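For clarity, chains are labelled A, B and C in written order, and residue numbers in each chain start from 1.
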Amino acid sequence: MIDAKIPEGNLADKWSNYKDSSKLINPANRKKLDIIVVGTGLAGSSCAATLAEQGYNIKSFCFQDSARRAHSVAAQGGVNAAKNYKNDGDSVYRMFYDTIKGGDFRSREANVYRLAECSLALIDQAVAQGVPFAREYGGYLNNRSFGGVQVSRTFYARGQTGQQLMIGAYQALMRQVSAGKVKTYTRHEMLDLVMVDGKARGIIARNLETGEIERHSANAVVLATGGYGKVYYLSTLAMGCNTSAIWRAHKKGALMSGVSWIQFHPTCLPQIGETQSKLTLMSESLRNDGRIWVPKKAGDDRVLNDIPEEERDYYLERRYPTFGNLSPRDISSRAAKERIDAGCGVGPMKNAVCLDFSKAIKEQGLTKIEEKYGNLFRMYDKINGVDAYKEPMLISPAAHFTMGGLWVDYNLMTTIPGLFALGEANFSDHGANRLGANSLLQSCVDGYFIAPYTIPNYLSGELKAEKVTTDHPAFAEAEKVVREQLERFLNLKGRFSADHFHKTLGKLLYDKCGLSRTKESLEQAIVEIKALKKSFDHELKITGDEQVNSELEKAGRVSDFLELGELMCYDALQREESCGAHFREEYQTADGEAVRNDEDFCYVSAWEWKGEGKQPELHKEPLVFDTVKLSVRSYK
Amino acid sequence: MKLYLKVWRQENRESKGDMVSYVVEGISEHMSFLEMLDLLNERLIQKGERVIEFDHDCREGICGACGMMINGRAHGPLSGTTTCQLHMRSFKDGETVYIEPFRAAAFPVLRDLKIDRSGFDHIIQSGGYISASTGQAPESNSIPIAHETTEAAFDAAACIGCGACVATCKNSSAALFTSAKISHLVLLPQGKLEAADRVIKMVSQMDAEGFGHCSNTEACEVECPQEISVLHIGRMNYQYNKALILKK
Amino acid sequence: MKQTTLMYKLVMAVTGLFLCFFLIIHLLGNLQLLSPPAIAREQFNWYSHLLSGNILIKIISYVLYLSIIAHAVYALILTRVNIKAQGSQYVYDKRGQVSSWNSRNMGILGTIILIFLVIHFKDYWYVYKFGHLPLDAKGNKDLYSIVISSFQQGWYIILYELSFIALGFHLLHGFFSASRTLGLYQPKYAKVVRVFGWAYSLLITFGFMLIPLYIYFNFNS
């Protein structure tokens, strides 16, 4: 059975106990150990840099042209930490509780507590690296509030918190490159995990410039490859975001958890055309001052500013008076979908809701709003050519963050020994729904503070292990599989581009395994995805050669998305309850609120790959709550 | 709308490239420039031709991956915009649009519009960081930093490393990129300790990568998507001169 | 320590600013030509004599020659570096839209000024130092007559005026550019220097341009 390996002791002492008793490696021995880190986002860069500082040899991989471009840069709003600088009642426990509750009681107490505990050190670390967090006039750090909580614990750097934290981590990584402790492999994509004697001992990577297939061996492999929300094609993610690294690890035996728990961000720009490739995120911080509404009447075609106050439905304020426009993301997104489905949507495709600043501008003045959100308003104008100071912004929910990912234990190790998953690539801390500003936190905490303790703990047992070189037959075998797949893609003479399949899959998932799901829609989706996969295997068309070839890259990624999409549906189908981002229409109250089923589903689903076309096998990790009492997650 | 494109096509680092003409019909003005290229690529696939390779990732103006010369301007006709944020409403029906990669000796072309910007990474590696290992940090509020100072540091730190400054510079200078990093770090108390060493190393690395020098034409500031001020170049020079004078 | 292009730029800035300073002195001297002819002749010749005799002035003049040479040589070195840095050329290039013409063409402007300087040195400096000049009433070499007679020729005036225009554009960018290279970054003072640079450039340019025209129109009529 799967064991989360949670340390003994009181909740608040578990992490200290772990650190006190974890095994260490003598500095002289550390330089004998190699670690591969795939992904250079916040989790990957911070982990690689920190392990290099400790003395290990790191190989760092990313598919982008520079480590700095990982999609962590796009996080706008902020990063949470229980510093209680605002003196408004925050504490580690409070933050732990908010996160557990925000995740709809589907995450591990011990992991979440550790996240809150380490948040304090993260802010210190980032400031020391030169991250220019916002400050008050007295020179001390400033905070703002974010959806789903009642304290101000979010640290931010204008609308670029992710970019700034990323620069800090990237620079720490570059520092280790110049120290000779990290070797970076940019424009490299991991295409398979290599296992020797049941342990992760290396990867097969493709050089995206030359097309060369390379073998890399190591004593441990870390996957920090981010989320797979791009499975929906239209999402807030970068075009290159993919599931390939974790999916190929999954096919080698690592279990996947919470696969269908995907957060839809409520404040994104709506789709306005068929060729659109991206739904741009507008920072959630806008909800601090913006009010969300739709016309009361369905199919209201009037100019938005002409709709009088009494004919506007401020549905979040109406349904959730306590949290109002700052209700958690899953709830806000679902409420928007409910109104849009009811025909009250606005915009050319009637797929959006209004985010209105007229009241805030009236109360606080235009200058204040400009100061707070100027860059976001400019961005809105750039993309849409509309002045949002004068008319409401149009926003709609879009696929954003994947709570699910590779199942990991308390060590962040997957079910494959020596294979670790960090940041969004793992499933661990957010349960069924992530609170705003917790993702930057989790990826940083995983990389700076957790993995650098847990990986050496594992490696201490590997010092005496036999040295594996890339000549090992396991590498040859893995390389062969990779080569065969690439050749097959290049030789298929089908009719449709990889994007065609990706878009079809995305639309299918949006409709049938998106913001809300039903047994029926999911069963249908599984059949359709299987058919789509079959079509993909025969009808794909790739032009170009084996060198720089973005179509070849896409083909591999879409192939994995298709398999993942199927697992998402199995996961959503099996979980007969509504929790967090997972909303099964069969399980809701009369007024449309989610109904969780703690009796039957208070566990983590961990899926095992059983082979192509075969139904995955479910394993269960029961969730035990010693400290918090499970309650109905109400934001009314 | 319909556009006549002339696009730089080049096989690899060694080969010689050429401008190739394409006609693209059915473009909507809401499309981003990259979505227009997606559309063309989709049609090239249908015709069995190799697609136009270009770097892009976040498509929301923050990752710095995209970047091309559009009608002779870095990131296209608008100032302070990345290529992904440029929309087709900035073009006229029937217009001819020239698309080339960012050019500089330090930015070799990999294929078509994809270039190698690792020179920027090397500049950062030479000293563009604060040497604070994990675990060494003091309590974050123990060093107050004035609001204006943080904001000024942020203005410099906002650089996304896209390379438009180099592309638009007649000397292919990386002065704006390098100075933004030097400014970001030297403004903060944490970054002051290593300032002298950092500026000397980074300026030398800039030369070693094959970037030209700055002759203050200030074109970079206009094309920078983050509108980073050329005054940072002044600050870099100040720091450099100070380091030269005070060097033991 | 390794030489960097920024060090070369520093040489350009320092020599450039010294030449800017010299231009003020030169202009002040030349303004004497605007006095009534009788006074102007004595004044100007006396002043020319002063410049050639004093040891302090002599040292400064050597610094001046050196500055001109260094400014030109380093400009050449930097231009070579830049050409190498550019790599391949753009097929369609509209980068000029985002910067001023003179800032991009300091080399061309500088070359015009250099050619001018060669002519200028040959016609006055060389003649004064090594040629045989008549003496004026006070026994000073009569450079004044040479100047007045040379500016009777239309083509000579055009040559000078065009060179001064080139100088003006060169100064317009050069003065502020030097201040940036030397490390002026404070926004307020950077602005002050910029405005000062404009005023300085205009004054120098129009000052120098005025004198040949004055002589041409006053003495020809």
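As a working rule, a residue touches a chain if its C-beta (ideal position, glycine included) is under 8 Å from a C-beta of that chain, and two chains touch if they have at least 3 such contacts.
Only a predicted model underlies this, so the values are computations on that prediction, with no experimental measurement involved.
In terms of inter-chain touching, the protein chains here are arranged end to end in an open line. Across the assembly, the mean Cα position most removed from that of chain A is the one of C. Chain B has the Cα centre that lies closest to the mean of all protein Cα atoms in view. Taking the mean of the C-alpha atoms as each chain's centre, chain A and chain B sit 27 Å apart. Inter-chain spacing, taken between the CA centroids of chain B and chain C, is 37 Å. Per-chain CA centroids place chain A at a distance of 63 Å from chain C. None of the residues of chain A touches two or more other chains. The set of chain C residues touching two or more other chains is empty.
Against chain A, the residues of chain B that register as touching in their complex are 12, 28, 30-32, 34-35, 38-39, 42, 44-46, 48-51, 53, 55-65, 81, 85, 87, 89, 110-112, 114, 116-118, 120-121, 124-134, 136-141, 143-147, 150-151, 153-154, 157-158, 160-161, 184-185, 188, 190-191. Of all residues in chain B, only 6, 8, 19, 69, 71-74, 79, 98, 100, 103-108, 168, 170-173, 200, 203-204, 206-207, 210-219, 222-223, 230-235, 237-242, 244, 247 touch chain C in the complex they form. Listed in rising order, the residues of chain A touching chain B in the complex are 46, 49-50, 53, 64-69, 71, 73-74, 83, 85, 121, 123-130, 132-141, 157-158, 160, 163-164, 167, 170-172, 174-175, 177-178, 184, 186, 209, 236, 238-240, 272-273, 275-278, 280-281, 379, 382-383, 385, 448-449, 452, 497, 499-500, 541-545, 547-551. Touching chain B in their complex are the following residues of chain C: 1-2, 4-10, 78, 81-82, 84-95, 97-100, 103-104, 106, 173, 176-177, 180-185, 187, 190.
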